[in-house]
Every structure is written in C-alpha cells, then in structure tokens.
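Each structure below is given as structure tokens.
Two complexes come next, and they have one chain in common, subunit A, joined by subunit B in the first and subunit C in the second.
Coming up: the complex of A and B.
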C-alpha cells in the first residue's frame, strides 16, 4: 500500500530525491561532537535544525541528546548571525559550562556567509570564552555531501582544534568512523587486548549508551577527553577506519603534525578485521590467544552454517564506508550482493564496492535513494535486505527479510549495545543473517518441509 | 523565583513561575535566547506537521535534504485511504542551485511528481535555503498549477521566520488557498473539526461522537483529510477548533471570509470532551441534537467510569510533570490528571501565550511550577525537586524521564494509542498507570537518588 506507486520501469530523475538514503551534514557533525568528553554541540542556524538533529539522534539511541542553537531569526538571516553566535557563546559558557563548544554551520548560515572563525576570534577578544575552554568549528553546509561528510568534517575539525606537532610518543590514534558507540567500545577493547596505547576519537561510547542511574547528566562519563585529544599530534601513527568518514582527519593529522596514517576499511567481517588486527600488529601489537579464539569462534559459526548463505541474493543500502565493508564480508560468506545504494555523493564508492564484490556485474549507485533501490529490487528480487529503518517499507512491500544496520534505526534497539565490528561483530552479524533467513524459511516452508533441525 | 532560579539564565527569570510564591506576569512568545538548549523547533516544522496529514496531496520539500529526511513519516497521522503523504519528496538542493537558483529544479520536480502520482493538490514547502537564495516559489507554483490543472500551493515556511507557531500560520495561509474553491451550498447541521491530526486514529473517535449527535462532519483539518473535503469546508456551519495554537488562525480567517463562527474546545479528558460536545450542541440548539448529545455523554461516561475508578485507586496521590507544545493541551492534561487523583507539579509549554499562562496559573495548585520554552536541565531539576512520578512530553523528553527513573507518557507525535475523547481518557489512564506501576522501576534508581539509597 505504502509503496504501491513505485513503478518497475526505471526512469532517470534529475530534479528530485524520493525516499532519501541520506540526511544532511549537521547531524553527522553533532554526532561526532558528542564523542568528546564534556562537549556541547552547537548548531549555527535556525532552531528547527537543532531540534530535528536532536530528535533524530534521540530516536536512534533512546538517549537524551544535548545541543545548543543560535536560534536564527529573520533579522539574523538578513544581517548575519554574528550577534546571535556571540550571545550564544556567552550564554553557553555561563549556563552549561562545557569544556568544549563544537560549532557546526547549517545551509542558512553558510549561504548568508557567516565567518564563524572570525566570530569566534571576536568572542575571545571580548572575553566571552573563559580560560581553559575550547571552541572548535566545522563548516557543514546541508547542500553538499551528506550526514557522513558532516561527521568527517567535524572529526577533521577536532584535529584542527587540538592536535599539535611534537615529539612522537608510543601511542596510536584510532579514527573509528561513523559507527555506533558499541563499535567504538569494541575497537578500544581490541586495541587494548593487543597491548597498545591508543586515543580513539570521537568516542560516543558512554555518551549515547550511558547507564540508567537515576540522574540526568548533561555530560555523561564517556567521550574522548581534551587531554587525550591534545596528544593526538604526538602519536606514532593513525589508523583511519573508513576513507569517507575518517580520511580527511587522518590526512590533516599527517600534514599538520607528521603523524603517518593507514587508511583501512571499517573492520566489518573477517577479512577487514584481519587487516585491522594485522595493521595493529605491525604497529607493535601482540595477537594473544584470546583474540585467536574470538576469530576462531566466528569462523566456526560461518563454516557450520555456510550452506544457508551460499548464492543468496542481497541488497544493501546505507553509508559508503559500511557498505564497502559489508559487500566484502557478504561476498566472503558466499552471498551474491546484487544492489548497493548510498545517498552520499562520491564516485569512488562505485569502484570500491565493485572491488569488494570482486565483480563489475553488480548494481551500485551513489547520490541515489530508496525509490531507486526499490525499483532495482522489483527488477531483480533479493533474499535479504540490509539497511536502516527506512528499508522496512520495501521489505514489507516485497516480503523480504530485513536486517537493520546503519543510521538511523528508529524501530529496534541493539545497535547501541552490540558491535558489528571486529570478530565479535562478525559473529553477531552472522547470527542476525541466519535468524532473518531461517525465520523466513520457517514461516513459508510447506508443512512437509518444515524442519526441526536446521 | 527564589529557590529554583540559581544557575539559570538571567534572561529566563520571567519564563519560570512558581504558583504561590511568584506574582509577575510570565514572559512568553519570545524568541529563545541564543545558545539555549531549547526544545523548540522552527517555522518549517510547524507548517509541515499541520499540512502533513492531507493524505491525497503531494508534499514536496523545496530545500536541502535534511528538512525532508527528518520529516519523513515520523508523525503517526493515520489515513483511512491514500498514503501518499507518508512518502518523502525533496528537491534536494545542491551547491549548484544555491548559486544559480532552484526554480528550474523545483518546476521539473513538480511536473515529474504530479505526472507520476496524480495528486489532488501539491504543497511546496519553502525552507531556509529556498528563502535565502530567493527562489520565487509562488511563481513556480502558479505556472505549474496552470499547466497541470491542480492546486499547487506555496507554503511560506522558511525556518528562520520564527517558531513552530509561525509555521502553523503559514500552513493556515496555505489551507486558505483551498478552502472554498468549489461551488457548494451550506450544509445544515454541519461542522468542520480543526486542529486534530489523527494521531493514533483520534479523529475517528471524535468524528463518531459528532455523527451520533446527528451532525455532519464536512472536513477534518487536517487529520485523515482529503483535498476535496478541504475545498468544501466553507459549507460547514461551525468550526470546532481543537488545537487552538495551530488552527485558531484558520478559524478566524474562515470567519472573516465565509462567516463561519468557531468555538475553541479540547478533546482531552472527560470534562473537556463533554464540554466540547455540549458547546457544539448548544450552538445548533436543535432538540434532537441536544438530546442525542446528552444521551451520548451519559452513556460514554457510564461506560468508562468503573475503569476510571480502578485506575484512580492506583494513581491517587502521584505527581506529574508535563512539558508539551501548546498550552491548551497542558490545561486539558492537568484536568485529566486530576480525575485520576494525580497532582501536576510542573507544567511547561514550548509556545504558550500570555493568556494561556494566566489560565494555567488559575488552574494549578500552589507550588506548581510553570515554565515557558524550557530545556532538559531545568526540567530535570524541577522533576527531582518536586518529586514527580510521571513525565508527560514528546520525543526529546522520554529518555530524560527514564534516566531519572520515572514513568513517561508520550502525548505528542509518538503516542501509539488515541488519547482523545472518552475512550482516550481510558487509554490515557491505562498508559499512565502502567508506566508508573511497571515492575522495571524496582531495578532503577529513581529521582536523583544514589543507587543504594
């Protein structure tokens, strides 16, 4: 019913997006900012932007999400947002007392040409920024890129704001990419397990999956501390996970502070996790028995159940870094990845996915939308869809099992608590895939073929 | 205000009031202080939520992708027929259009969509960026309407123009483009229902009451509505305005243009629902309608009373905090909570007006805090200080309540059961008492207490 209007015939559209597979930069910037300890994100634009981003993150995480806004009015849009931002800076430090204020722009403030750097300088001159407090800023126009690019821009701004060149120390930087708090937690655990010191940033674990304790904490215990961020320029190397979300910050750390970087896929799946672990080993990490066992368990589950994956067709929709890694993982499991769609613009995505799938005979598109994916699936049906909550319409329409992964997930929990990265994450994904496929089989199997043992 | 003001922004002193202690006139209707963590939204948001439920219209967001993405099917405004309103259409403006203008793209998008979906009308929402680059949305709409033969209506909802309230007005302006655009005569004993958006099917319950009273409902604005209904709305004899904040402006316009009188009502709680139905019946002053109304109300109350008695036993003596969009809802909620024996210790709104706060002051008990345009820090402080057992609010307030270890009831977009009318009162009582009495609170530290207190 909902999607009955989607025709099978694909016509190229230039002028519009139908059922978007992306959202705008500022929400990604806000998410990244929340990964700094005692940081308040600030949206330099109309009130609605900030309210929408907070609501969106709240729906996804079921957590309170704090952010301030410049509360633009018609006057501000005509005369510039300087007065609003200056007042905001004073109010924020007086009232909310964050250690870091992370300002991102919106389409409105970008287009009227507010010079945020100059406004911050003026705020400092006028004594609006108390001693020992930090302000960082990212330019995040909503009409360029997507939420992933907004995230990448804010992570880069963290480097701009905190990293200084200096004598190299023994730790490494980990840029986790636009992943869940549970994933960041898991990455830290693995690095620690291998005996390495690291600074992972941003780190939303403990912020957007904080415990219930009877208190409201404006600044929960998680997040990368300023103290740690200040050492990022002294690291011996940076491990950047996901080229789109983490690449820009890694490159800046290199040019600004001379910290060399390794650009890796997100460690989703066995092969990408192996690569992550091997890179850590090269940087001095030790692979201990426990990690070997974790890997072995994941492989055990995969080999036990491989018959259920083989040649099953799958469609993927979401963000570029996740999709490339997922394509590789699913292909390694024996799936046939048929359609891969992202809303985020970027031509390189296409070659990356094709490489991960090991074939050119696959439908890949960037700057695309759910409407297009729906048409692709109508033309070539799949056995499984993996995507965010918005994929549920077509999953229902076409009666195809859906695994929720990515952002946003408004209708299930789990993503904030259980990782999809690393060997543990691979095992969890395998379990999810099996459950989805087997539940489907159980529901539709004719009585005589309804199996007890699977 | 003496005890609770410390730590709050000076500029907000006149927006926080404690009954029995303070005596000033509350400041409201003012823009949020820059830098505050406000729970408020923008003009676009207001316009979008009001027009969104028109199910057979095309809703095209002219702007950057975010405005479309965040308003894609997030409001549970149910339709009994078409579901077109639940799709997300956006011109997805990019850098190129920001420089060269987006009118051409808008025109193409409209032609494509109208060709594909054959909607009965199209609404084009202007966002911040469309306003700033100076696209002449009105001219494009006019040109497309001429070619396609359907109403193509610009909604002047640039986010920076103000708060949600200004968006309601922009939506009402857009609706006035439709109302009265077909030839029909006045229908005897007929009404429109304004300001109900059919969240969780509420308009279906309300409509049933009026039909039982012997009245004909011409248009529901905008819950489960169709373009044709709205065009014919001028044939009704009375407008019943449920959410005054969003729709009173439309009622006023319709009064001026079509001479249709209106009454402000609320369908939350038994008292207010009964009052609304009686007021409507009184307006028509027809014997059969008056009789039907009194029979209906007596029967409905008889039906729900025993249940309410049971819930009252469970809820008696509890304390509630509420933070909602408009003041009309706050007033109804306080009354509904009283029926359950629950005292309101905090009542806040995003967009309440001066008279609203005076009405709230009159209604509340001593010690109740009233707050305009609040934020999580204030809200959580009041909840703990005043020892609330229950918080009623919207999406951003829910996790706040749970972190504090208290019960929650969504009275906004995300409510899943209808809370309006007589059945709604039972649903409300059930939801509130279930949440307050859930066994999970046994494990959860509550109200700012330390874990092992």
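Coming up: the complex of A and C.
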C-alpha cells in the first residue's frame, strides 16, 4: 500500500494538514500573470518560491514558464527587500524587456511588511522603469487562502492596473476563472460564435499551450494585450465565471469603472453552460444552429449512456469553483456525489455544493485535505474519484477509477489542449467518465458477463 | 554545432549583452577552462548571491534540506512548519524511490505534512500549532523519529522550533524529534540547506542506534538520493560484489540505518556538494575514512568499485569485483558500441545541480558525446576547482550564517579504520582520501564553465553552440525543446532511470540515442516551408 498509514477511523485534526488539497497564493498569481501578453511575473521573496512555482506550472503544462524573483538573502529578510526589488526591476527591463511586470508577494515579504507600492514608485522615480512599461502588483501572502485566492488577487490587480472608467462601448469582459488555457480558448470561441465582442482576461491560451515550431519565444503569441485590458473599464458588462476566482475582480470593475457584472458558475456541465449562454444572449448574443448542435451532441451522448452513471458514487476534490459546477453536472448525470473536499477556505463553499447536489446528505468540507477524503472513502467507498494527480495514490490503493481534473496534473496531458467548459467540455468529461467506468467494468466483469457491446 | 566557436568568444559575447555592473559580476562566474599542471584551473566565483531579477535555476535552503537530503528517507516523519506551499511543492516531486523491507514497514514519503500556518499564527506565533501538529502526527503515525522543517516566516517571527522539539521529546520519550532551521532565505541556494541538514542529522541522529549489518566490507554510500532507482542499481552491484551497504544518505534509507551509520569502515561520497560535510564530520568523530566515487557511467562505476575493493584490500573481494565488472561490461559494451555509432561527435551542454553536471560527462563520453559547456546551479568553488582550493575560499556573510560544527574525535567511539601507513600506501596506489578533484580539471581546456546559469545566458548558449543535447532541470526543459533541441532532465531523469551503475548506463545510452536520433525533430518544420508559397496549377496546365 502506498498510503499504508491512513487509518479508517477519522480523528479530527486541528493543527496538522496531511496531503494538502490546496497550495499557496503566489502560484495562482503567477499563473494569472502569464495570461497577459508580454508579461513577466515576478515573485518578491526568496528564490525558492519562484523555483517551486515555475516547476509546478511547468510540470502541469509541459511548457516554458518564465518568472523572475527578488532572490532574498538573510540580509534582505532582516532589512527589507527594497534594494533587491529595485535591482530586480532594472535587471528585468534591461534583459527581458517585458511590457508588463506583474509583482506578487510571498509569505516572506508579507511577514517583513515590504511596501511594494512604495518600492515601485521609487523605481519609477529613479528611472528604472522604461517609458511605456507597466508594473502591476498583488499582495498574495501564502498564509491566507490558497492558490485560487492568489489567482483572484492577481486578476483584481489587473483591473487595478489597467481598467479606467470611461464611455461605455459594445464589448463585454469575460473573467474565465482559474481554468486551463484550453478552457479560455473555448470560452472565447463560444462568445465569438454568439457574435459578441469580448475581452477575456487573463488568457493563458497560446502562452501555456504554445506550438513547437523550432523557435523559442520568451513571450509567446497569447495572453490578453495591454490595449485590450485598457478597454475593460468601457465594457457594457462583465461575466465573472466562478465566484471565488473571478468575483473580486468583477466587483472592482464595477466600483472602479461602473461595469456591471454577472457572477456565474464556471460553465462546466449542461446547466451551467446553458446559464452562460443565456446570459450572453441577454447581452445581445445570438444562439445559432452550430451552438444548438454542440449542445445537442452533448445531450445525445448523455441520453445514450446515462445507465453507466446512474447512482454511481463519486468523490470530488479540488478547487471550489470547479467543484460546485461539477457537483451540479454529475448530479444531473445521475451520479450520487458523496464526498466533496477542497483545501481552499470559505464557508460558502459548503452551501453552494449542497445546493448544487440538491441535498444536505453529502460530505462537504472546506480547508480540508486528501488525507481526510481518503478516510471518508474508506468509510464509504465510491465508484469514481475526480481530483488532481495526487489523488492517484488513494485511487490505486483502493482500486477506484480516477479522472484527473484541476491543478496540478503532473502525470497526464490533455488539459492544456482540450476544454472541460462549454458543451464541448461537457462531452469531453462524459467521454472521460465513461472510459474510466467502462474500463473498470471490463477489467472486473466475470467472464460470462464480459460485454462486447456497451 | 557551429564548428570552432571558441569559448572565449562565447564568453565575450555573453558578457557584452550585460550592463557594466552585471557584466563585472558575471565575468567572474563565466570562465574559459584552462587546465594546467597539478590540476590547476582558473578561479571561478561560485556560491555567491543570485542577482535579483535574473531568471535563475536555483532554489532555496528548504529545498536543499527537506527536498534533497531528508526527503528520500522513508520513516522519519517530516513536518513542514510554515504556510502550505513549501510542503505542497516538495511533496513527491523529486522521485526518490524507496522500497520498505516489508509491507508493514513504515513509509511516510507519500504523505506531505504541514502546519499550514495562517495569518493568526504569523501574528501570534506558530509554536503552539506546531506542538499540536506533532502530537496529532504521533497519534496517527507512531513514528520513531520526526523532523521539523522551518520555512521563511518561521525564522522571521521567531518561532523556536528547536525548543518545541526538545519539549515534545520530553513528552514522548522514545521518539527522536529534531528541527531544521532551513528557512528559504538562508544562504544563496539549496546548498545552505544541504549543510543545515548534514549538521542536524550528524548531531541528532548518527550514533543514536547500534544496528550492525553482517559482512566483512561494510560501507555507507553518501550523497545518493535514489532518483529513478539509482540506489537500487548500486545496491544490486554491491550485493553482487560482496560489499555490505549499511546506509545510503539518503536514497532508500531508514532512520535506524542513519542512526547506526558509524558502524562501517568506509564512507564513499557520490554527490560531493550535498554531503561532504557529513563525510568530514564522521571521519573526525569516528575515524571513518572517505573518498569520492562516481557510479554514473559504466567505466566510472568500474573504477569506483576497484577503489573500494583496493581500500578493503581483500583478495577475494578484489577478484570478485573484477569478475562482476567483466560480466556486466559485456552487456554494457554491446549496447554502447552500437549506440556510439549514432552519437559519436555530438555535443552536449550540462547545467545542473552540484555534481551531476560533472558525473554525467563520463556517461556521455562513453558514447562519444563531448561536453562543450557545463556548470552547476548551487555548487561551491571546490566542486569546480577541487578541494585543494577550500582554504582559499573567502567566507562571506551568507555562508557565515550557516553553522559550521566543530567536531572532535569521540573519546569512546573513535576508531581509526586504517593505520597512517596503510592510508599512505593506499594513497600511493591512487585512492585520494578526503578529496574531490572537481569538475574543471577533468574538462578539456577551452570548454566554457558557467556558474548559476540564467535564462538569458541559456538563450545565448543555444544560439552560439547549437548543442545536440542539453541537460538541465524541469524549468529549462521546454525552453530548450522549443528550440528543437532535445533536453534531458538530470534532476528527475524525465521520469525514467536508473542511470547509475551498469544497467543504468545502458538505460542512459538508449535514452540519449532515442532523444538525439528521434524522427520527430525532423518534423518540427512543416514540409511546405521548403516549398515555394504558390504551388497551385493553372487550370489549363
């Protein structure tokens, strides 16, 4: 057994997290920053943070992930990181020439209380920031929230840095949430298909799923351009997908620039995608035949195959916005969603999941971990687990099929290329679930019940 | 590769892209190799601060301590004291394989544990939470030893993890609980963490147990972390030759083996950078001699085995080692010669770690691949120039902050394994005790040596050298490959291995052959790029 020390008996823990179901804010902030065209993320802290975040994102995407660091030493930690950040700013613009520098903090610089805004002002005063270059900053202490909150904070900082109030124009803003580049691409496609102009940000498509053509580009063709970001304050509305990841930025766009927002579930599954499409329709979008066909295909696959989902028990682990939408989708498919666990803190998560499942009789926890989920499953076995790569250890020990969703996925590809949002995403998830469940059935069915046609 | 590009030209072209201040600093870290008599090479600046804003390959002291040195040990329960990130990122990402002796033996490696400090712990202190976390861990996991690893904020807010460990040890006699002050900002790279880990394991673990393994030739293997099963292959070879491996620091290791590591007659060192402190301290305290070995490369493995056999001086062992080498080399050579035909004359650059950039040159050479440029991420001058330069290394403030233990011979446990005369005789016969010759003396003159290579320089190196193979880590992997150049990760081995020993060498030859000669590189450019834009025919044609 890989996890031979996990006892069946659940004893509540107050202080010890075992097998975390979250990581820290800065990695989310770094990911969000990569969704701006020609932006270099910068980690203000020890270089280890930056190395860990870059490694983590690289393993997840199998793509170059560029970011700089203030490389604190013990001296900087005692006397403050101003000198390091000033030197870093000069070096970065000299050597790497980004259009935007997106600085996020770490637990180190937050604990010592560095005033990053003041340091940036000083850098400008000292002429370290070339004309026409932008610096945005987000406070992302690792001891609050999770990687999802870090993402949300950086998206909010993008609004702080670029959105200005002004005369309303005809386009809309889409805040995609902490989703994959493939999802961002799919959302843009759907909005365009409905005839709407949009600015989607951040947008990591093209950045973290860039083509192999024999040329390395430090700033690949992808990411929301500064030009587009500057128009976000003039949009007629914002669609914020996922309240945790996109809520703060949407609210700021409203208070700062008067852009009204709609807070929606991530469009994962039929109902959540319907809601997304209907909202776009209300904003002037046209639902054409092609979109109807896409929806119809997804529904068709579900009606054809729903027997394989019916009353199958499932455990979900990951990030709050994804889990709420997935719970709704899986419940619609006929699954019995039994355990839903996130490491990200936030009490609202519990009521959202229960509402999506349409029942209170479900194990839901925030600020929790994989260890607890494993114990829950030991006590009430499930037929399917959906979670990130770390779920493979318990899945193997208990011989339960696993579908990888969320972050990080270190051991499979696909998430960077194929979406899980929209109708196409729903169809892809349905296929993945069927494959997992049917492969399992094929492996374990008694010989006389081994089915040719399924 | 562009033929005849000189290292001096490349150096000059790199330096001139920097503003003056940066150029001055990097000048000393980018060196054109020049090997003189007695292994004398030019001085390189190493183990100095990373330049802020530079996209570095380096990590932090926590990564060196928890991730590298202690991480591979399966039954020391490890709790990271800090916010969640550090425990998360060091969770199973280093591929240290481990194989518990039985199904029931403890193995905590798949479990990441953290105190997950929250803002109130940062404000009011985290000691209480740490104590509670230790108690909860003991109740669930019943470990015999616990290591606590401090992250950046812990040092700043003044949590005394060592006092917590002492208190918990009193409360739970029988459990060895020790803390590491390996805050990420310590030192200038992972290297500081290695030293911190060595010190604590030496003072708090070694000598605590008395496990004795049977055998006439008992040794420890230091600085081998069992990435991809390297240690398993070395264990296999040791068994076959009749050597008794007592403990590996720290691949596939246990607490009891660490605690009784004094019960051997020899320490051999693989990764000099991360573990030389331990070898030195064990020699001083227990009288165990050490020398450097390298099990990366079939020839290097054979050489290392011969040295070990020579040290023990037993004729049966010596002839057995020769027998094993002969037997293993047959298969190695069959594969090697076949692959060498396809790889001969290719070039490689290696920028990785504190040892691997050196070790892997041997392996590449065996299939005819020349290393044209190399460097370490976090090594010191002695890893480049050899231990002879240690007395002349300037100790700066960052190094001074890492404790240097004063170790003396143990009044009871010190026992010289060899007489002075025997050591002198062995030295004459070619064993270099307490020594490491370094990477540079083994590289040809006119190769380029770069310490702490950064992204900007990586770009330029590829442009200037167009190497056939690039070896570094995960952060560099896909940058290099986007250029259409195969890139081999030498931290994680690209989830393959083992590459150590004889079987490992075979794996590596085959892998490099696959990478360099893969058809896909020829398809990167679409065929129509070589054709004229307009290829349509007119209707009447």
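Keep this in mind: the second predicted complex is superposed on the first by the 454 of 454 C-alpha atoms of A that agree within 3 Å, B and C clash if a C-alpha of one lies under 4 Å from a C-alpha of the other, contacts with A are read in each partner's own complex, and residues count from 1 in each chain.
Please note the rule applied: a contact is a pair of C-beta atoms (placed from the backbone, for glycine too) under 8 Å apart; a residue touches a chain by one contact, two chains touch by 3 or more.
Computed from a predicted model, the values in this text were never measured in an experiment.
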**OP:** Evaluate whether subunit B and subunit C can sit on subunit A together after superposition, giving fit or clash.
**Re:** clash
Original post:
Taking the superposition as given, does A:263 touch the first partner, subunit B, the second, subunit C, both, or neither?
Top reply: neither
**OP:** Considering only touches as defined above, state whether A:299 meets subunit B (first), subunit C (second), both or neither.
**Re:** neither
Original post:
Is A:18 in contact with subunit B, with subunit C, with both, or with neither (first, second, both, neither)?
Top reply: both
**OP:** Using the superposition on chain A described above, determine whether A:438 touches subunit B (first), subunit C (second), both, or neither.
**Re:** neither
**OP:** Scan A:106 for contacts with subunit B and subunit C and give back first, second, both or neither.
**Re:** both
Original post:
What residues on subunit A does subunit C touch that subunit B touches too?
Top reply: 1-2, 5, 7, 13-20, 22-24, 26-27, 42, 45-49, 51-56, 58-59, 62-74, 76-77, 84-85, 87-92, 94-96, 106-108, 111-112, 141-144, 146, 210, 212-218, 343, 390
Subject >> subunit A contact footprint on subunit C (complex, rising order) >> reply: 17-19, 22, 49-63, 79, 82-93, 103-104, 106-108, 110-119, 121-122, 129-133, 136-137, 139-141, 151-153, 155-157, 183-189, 397-398, 401, 455-456, 459, 473-475, 477-484, 524-525
**OP:** Using the touch definition up top, name the residues of subunit B that touch subunit A in the complex.
**Re:** 7-9, 11, 31-45, 60, 63-72, 74, 83-84, 86-95, 97-98, 105-106, 108-109, 112-113, 116-117, 127-129, 131-133, 159-163, 376-377, 380, 395-396, 398-400, 402-405, 444-451
Original post:
For subunit A, which residues are in contact with subunit B within the complex?
Top reply: 1-2, 5, 7, 13-20, 22-24, 26-27, 40, 42, 45-56, 58-59, 61-74, 76-77, 83-85, 87-92, 94-96, 106-108, 111-112, 141-144, 146, 210, 212-218, 343, 390
Subject >> subunit A to subunit C touching residues, read off their complex >> reply: 1-5, 7, 11, 13-20, 22-24, 26-27, 42, 45-49, 51-56, 58-59, 62-77, 84-85, 87-92, 94-96, 106-108, 111-112, 141-144, 146, 210, 212-218, 343, 371, 390, 393, 410
